[in-house]
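We call the chains A, B, C and D, going by the order they appear; numbering starts again at 1 in every chain.
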C-alpha cells in the first residue's frame, strides 16, 4: 500500500520531468542553425529554393514555434511521436527497431560491469582487510588504469587485436548477416558479437564500481557493528559476506541506477566503433540531420527509461535497506 | 595544513599523481618555450615515425605537423577545457545545491526538478546536442561539459548543506542574527569544501575524457590543438601511423590517472572517517 | 559467368530511404540503383546505351525526344511497365519531388506524352543538348504510376518497400544493420541478374569498415567507405582489385569557395593570392593520399568540353604576398573564418592545411567547425568567408557546373548554387548560349572561353578532381562497367566460385 | 556487594603490567602504561576516569579488538591462566563471545542496521556451533525475554532501527549473554541513554551478574554509576591506573588527588546554600501555552504526529535560573528551539519584555535576536571548525552592526571573562579542549549582551571535572550580568545544583514545578519520583570535605592541564 503510494507519487513527478525534458529539448534544438529541409538539400548535392520551402511546408516547419510545440505535445499525449522527416517513417517504429539492440547491449554491459566491478571491489577490500595490501593496490591500480583510458581508443585497439590479429571475435554488427541462423545458433552468434562491445562499454564502469565497492566496503569495515561481530567470534569471511557486503552495497546500487540511465541513451561511441545498431547512433544521425521529431522521440524514450530506472533503483534500495522506507 | 600535506603526500599514489600533474602543468605553461612554432605548422615530412628523426622525436602526422608540439600545446587546451568546465560546473552546482539545501521546501523542490531535467538525458548525448547546436568551439565545448556535469555537484552540495544546516554552528549563526547569505557562504560552504574539491578533481578527469569523445565524434574545436582532437584526427590513421593516436592516448591516460590519484589522495587526506581509523 | 552467390557491400551512411525519387544521398543511389532504373544507361566514355528505353530519337531542331520502351518489363509487384509510367514519373512525380530533375523539367520540358504503350514523346521548349544525360537512375528513376498516382508521394507506404523494375528486389531492411536485396526472377533482361542476393551493411566507423573488408566480411568498398589512407594498404592485399573508373558521370570536383559578397574576397587579387598560397599537389598527395588530380578549372578532365589550356596557378607564396600587396587589402582588418566542410576528416585536414598556408602569406584565419545542418544553412545564407565543397558534374557542364556560377542562381536558401556570389553578365550569357547550342564544336568554344574566364576570376578556387577508388575482391566481375559505376544495377555482376 | 571473595578464589582475569603504545603523532606515546588489575568471578570491577584516559583501550585489549595500528607492547592478560596476548587470532576468535563477551557503548551503531535482531543474536551461537537446530531460535527468544524486551517473537524479525536506544542496548546484552560467558566487559553501556533507561540497564546487568555469577568489567566515567553497581573500582588518569580498591573506600575516602578531584566535581543533589531570591522584577520572558507538534510523514498518507510541547507556560526574570528537566524526548530541546525561533510553533505566545515575538517573520525578528541567546549542547559541533575563535566571537556583534574593531576589542575582553588565554583569539576550535570550547560558546552568547540565555544540555558532553568548572563560570557570569537563564538538562544533579526554579517535563507537558529543594526532597508527581529514583547512586553523597582543589573550575592551573592534554 505504502509502496504503491510512493510509486504513484514518483510516477506523477516523473511525468512532469519527462514533459519538461521534451519541452526544453524542443526549444533547444530549434536554436541550432539549419533545419531538416536544408540538410536534405545539402545531402542531395543540389536544390532550389522553392524545393526547400516546399519541404518546410510539408514538415510543418513554417508554422509558429508554439503551434509546432502544441501539435507535438498533443501527439505525444496520444502516444504519437511524429514522423521522421528524413526516413519518412513513424518515429516510434524507428525507435522500436533499435531499442532491442540497445537494451541487449545495455543489459550485458551493465551486468558485466556491475558483477565484475563488485567482485573486484570485494576482492580488493578483503585483501586490504586481511593485510595483503599489495593485492589491493594491484587490483585498484588496474582499475584506475582502465578508468583513465579513453573508451573509444580501447575499443579500436580491441578490434584490431581480437578480431583482426587473432580473429577470435567478430568486429562489428549484431549478428552474421545472411547466415540464416535460427534458435540457439543465432543466440550464440549474437553472443559472440556482443563480447567486444560489452567489454569496451562495460570496462569503464567496472572500474568505477570496483573502486566504489572497495571504498564502501572499507568504510563499513570501520563501523562499530563490525567490531561487534568480531566480538562474537565471527570469522573474517563471514563478516565480509554477512555483515559488510550488504551494508556496502547501497552506494553501489545508487550508482548502478545512474549508469543504467546513462546507458539508456545508447552508447554513441561504442555503437559507432562496433557498428552496433543502437539508439545512440540513431540519435546522433538524427541530430546531424536535424530530424527534430526523431531526436525528440529518442530523448522522450530515453528520459522515460531513465526515470523508470531511477524508480527501480529506489525500490531496490528500499529492499536492501528497510530504513529508507521508515525515513521518508 | 602541514598535517594535511604530510598525510596527502604519504599516499604514494597521490605523490605520484601530484608529480605528474605538476609536470603536465609546467608543460602547459611553457609550451611555447618547448616548441616555438604553432602545433599546426607543417614542419617536416608527413608521417615520420617516432624516434627516427631527432628533430621530431614523437614523429609527425599526415600533414607533417610535429606530434610533440601537438602534445605540448594540447596539454594546454585539454587542461584549460577541463579546468574551466569543471570550474563552471562547480559554480553552478554549488549555487544550486547551496540554495536548495539551505532553504529546503518549495525552493528545493523547484531546483531539484530543474536539476533532474539535466540528469534525465544521458550526459554524452546531452553534450553532443549542445555542442552541435551551438556549433563546435572551445566555448560551446566547455559550456556543454559544464552543463552536463553540474547536477551531481548540486546534489552533493545539497546533501552536505542539508546536514550542515542542522549542525549547531549553523544554528548558532542564526541565533546571533547573521543573514542567510552570510551563513551560506561563510559558515556552511567552507565546511563543505573538501567533498567538493574531491568531486571537482574527478570531474576534471572526466572532462578531459568527454572532450576527447566529442573530438572523436567530430565535434571538437578546429582551431585548438587538444589531445582529444589529436586522437580523433588520428583515428583514420590507426593502422598506418599508430603513433599518432598512441601518444595523445597515453597523454590522456596519464593526465586522467594523475588527476584521479590526486583526487583519491585528497579524499583520504580530507576524509576524517579514514583518518580516524588510523590509515 | 556463374549464377548465384551473395555480394556483401557497405551502405554508409545508412540511407534514410531507398526511394530514389525522394532521396538522392549517395548511398540511396547506390542501393536504390539496383531497384530503380531509368530510360538510359551511360558508357564510361559517356555514350548513351539502352536502359528501359531500347531506342531513342532526337528531332533535328533538338526539341523533340522520342523513346521506344523495352517490352515485357514488369514492376516488382508484377504489374507491367508502360509509357504511362514514364509520363507519370517525369511529369508528375519527379517534377514535384526531385530537387535536380525538377529544375530541368520545369525549365525545358513543354510536354510529355505516351504516344503508344511502348513509346513516349517529350517536347522541349528550347533545345537543350544535355537533356539526354538526365536519364540516369538517380536523376530520372522510373516510378510505378499504379502505386503513387493520386497519393501523397512522401508518405506513401511503398517508400518503405520500394518497387521498381530493376534486377534486384527489396527484401529486408534492419535499420542500423543491413539492407538485403534479392534477385528479381522476372527481370526483363533474360537470364539476368547472376547474383542471388546483395547485402548492404551499415558500419558507421571508417576504421571498422576497412577491418570488415580485410576480414572478408564485405567484398566491395565504394569510394568514401574507407579513408583514402587505407586504400593504399587495402589495394595491396592479395586478390583485391582496385579501380578508379565508374565515376565519369559524376566527375566530382573539389573547390574552395570564397564569399565574394564581402571583403577581402570581393577582390580578385586576393582570391588569386589564395590560389598561389595553396599547394594543391600537397593536398592531393598528403591529405587525400594521392587519390585525386589537381584541377585546372571548373570542369573536370573527365567531363565533356574540358579545356586544359587555361592560366595555370602554381604554388608560390611569394607571388601570393605580392598579389595581396597589389590588391591594397589590409588583411589584418579582415580576419577570415574557414567554415569546415563536415563530410569526413580529410576535409578537416584540408581546412587546417589551408589555414596554415593562408597564415603564411598574411591572412588571419580561424576555423569554424560545423555539422551538416549548420554548414548547409550557413552556406545557403552566404554566412561564411571561406569553405570547401565539391559537386558532381553529371556529364555535362550545363547540368552540373553552370548552376554554381549563374548570377540568377545567387539566391539565399539553398546550398550548391551560386553561393560564392560570382557575378559576371558576360559569363551568364555564355552559359546560356552554350547550354542551348546544338553543335558540339560551338559548345566546346563557348565552354573553353568560360573556363578561361572563371579561372582568371577565381570564381571558385579549383582544387582537385576527386577520384573514386573502388576496391573489391577479385572474384567479382563486371562490377564497374558504366559511367555511374557502383550505382548501376549490378545486373551483369557475377562471382567466381 | 560482596567483596569477600578475593582471598579464596583465583582471579578470572588478571591484567599484568600492560602497556599499549599509540602511533606516533598522537597526543601521547601510549594509551595505557603498566596497568595491572584483577577481576574475580562474580564481581563487578568498575574502571573510571575522564575521557581519553585509556579505559576503552584496556577493555578492547582483553577482547583482542584493538585497532590495526595499535598493539600491546608489554605485559600480559591472563584469562584463567591463559595469556591472551600470546594467542593467535583463531584461538581468540574461538573464545570471543563464548568465554568472554563485550557490550559496546554506542547502541546506535553497534548493531548491523540491515540484519534482523534475531539473526544477530543467533549469530554468536552459529559461529560457535551452539544450540543447533530449532533450539537456537528458542534460545534467542528466551534471551530477548530475559533482558526484558517486550514481545520477543515480534522483535526477532525486527531490525535495529525499529528499536529505541535502551532496547538496542538490551539486544547487545542478550547477544553477550547468549553463551553465558564467564567474563563480561561493558564499555560505557549506558552513557548514551537517558536516566530512566540507564537505571533499568544497570539493574539488569547487576541482576544477570548475580544470577550467572560472571565477572564483569564495567567501564564508565560516571561516579553515580560506580556508586550504583561497583564492587571494586579502578581509577585511570592519562593511561595510568592511579588507584584501585573497594567501591566504598574509593567513593568515600579517595586517596589519590586525581580521584579526589574527580569526586569533588560530581554535582550534589542537595545545594549547599540557597541563593538570594531574585527581586520581584517583571519577567523578561513569558511563555504562555506554547504548543509544538511535529508531523512526520510515514511513506504514504500515514502521518505520525508528536506532541513535542503541549501547552507549556512559564516565565523567567533577569538574574533568575530556570531549570527544565525530564527524560529524553520529553520536549526540552523543542522548547529551546521555539524560544529562539529556530522552528515554527503551533500555538501559544512568547512574550519578550511584553511583546509577543512568536508571529514575527524572520527578517523582522533578526534585529531582536541578540537579546535572546543560546549556548549549545555540543562544544565540538557548535563552533565552526573553519573559523578562528576571534572570528566566531565577532560574527555576532558584526552581524548586529557593531564595527569590526570594536567587536574585536569586545571579544578579547570576553575571552578574559571566560578565563581563556588571549592567544585563543587567533586559534581554531580543534586546538581547544571540550571545556575550553564550551567557554567559547558561552562567550559567544554573552558577546551580544543578551537578556535571556538558553543553555541546552550545555555541560552534558563534558567530563565531570570540566563540567564543574563550566557550571561555576556560567553561574557567576549570569549573576554578574543579570541574565534570565533557562537551563535545560536531563541531569537532575546538575539542575539541583544551579537552578532557582525547576520545571519537570514529561511527554511535552510540565508535570511539576517548584524550587529544587521542593522537587528533589518532596516530589509530588509520580513521574518526578521515578526520575529521581533513577538517578544512579542517589544514596551516595560525594564527600564534601575532600582535600585538594575542590574549586577546580576557577583555578587557571586546572585549565592549563586540560590544554596540555587536548592541545594540538
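Here is the rule we go by: a residue touches a chain if its C-beta (ideal position, glycine included) is under 8 Å from a C-beta of that chain, and two chains touch if they have at least 3 such contacts.
In UniProt terms the chains read A, B = ABC transporter permease; D = ABC transporter ATP-binding protein.
Bear in mind the structure is a predicted one, so any value in this text is a computation, not a measurement.
**Q** Of the chain pairs A-C and B-C, which one is connected by the greater count of C-beta contacts?
**A** Greater number of contacting C-beta pairs: A-C.
**Q** Starting from the mean Cα coordinates of subunit A and subunit C, work out the distance between those two points in Å.
**A** 39
**Q** Could you tell me the distance, in whole angstrom, between the mean C-alpha positions of subunit B and subunit C?
**A** Here the centre of subunit C sits 45 Å away from the centre of subunit B.
**Q** What is the distance in Å between the mean C-alpha positions of subunit A and subunit B?
**A** So the centre of subunit A lies 22 Å away from the centre of subunit B.
**Q** If you average the CA atoms of subunit C and of subunit D, how far apart do the two points sit, in angstrom?
**A** One centre to the other, that is 87 Å.
**Q** If I count partner chains per residue in subunit A, which residues reach a count of at least 2?
**A** Within subunit A, residues 32-33, 156, 160, 272, 287-288 contact more than one other chain.
**Q** Which residues of subunit B are in contact with two or more other chains?
**A** Residues 132, 135, 235, 238-239, 277.
**Q** At least two partner chains per residue is the criterion; list those residues in subunit D.
**A** 68
**Q** Identify every two-chain combination in which the chains touch.
**A** A-B, A-C, A-D, B-C, B-D
**Q** Residues of subunit B touching subunit A in their complex?
**A** Residues of subunit B touching subunit A: 113, 116-117, 119-125, 128-130, 132-135, 205, 209, 212-213, 216-217, 228, 231, 235, 238-239, 245, 249, 252-254, 256-257, 260-261, 273-274, 276-277.
**Q** Applying the document's contact rule, which stretches of subunit A touch subunit B when the two form their complex?
**A** Touch residues, subunit A against subunit B: 13, 16-18, 20-21, 24-25, 28-29, 31-33, 144-145, 147-153, 156, 160, 219, 222, 261-266, 268-269, 272, 280, 283-284, 287-288, 295, 299, 302-303, 306-307.
**Q** Considering the complex alone, what residue numbers of subunit C touch subunit B?
**A** Listed in rising order, the residues of subunit C that touch subunit B are 206-207, 210, 227, 229-230, 232-233, 286-287, 340, 342, 345, 348-349, 351-353, 355-356, 366-371, 373-374.
**Q** Quick one: in the complex, what on subunit A touches subunit D?
**A** 1-6, 131, 223-225, 227-235, 238, 242-243, 246-247, 320-323, 325-326, 328
**Q** What part of subunit C is in contact with subunit A in the complex they form?
**A** Where subunit C meets subunit A, its residues are 6, 8, 13-14, 16-17, 22-25, 99-100, 102-103, 154-155, 159-160, 174-178, 180, 197, 199, 201-205, 207-208, 211-212, 214-215, 217, 371-378, 380, 391-392, 403, 411-417.
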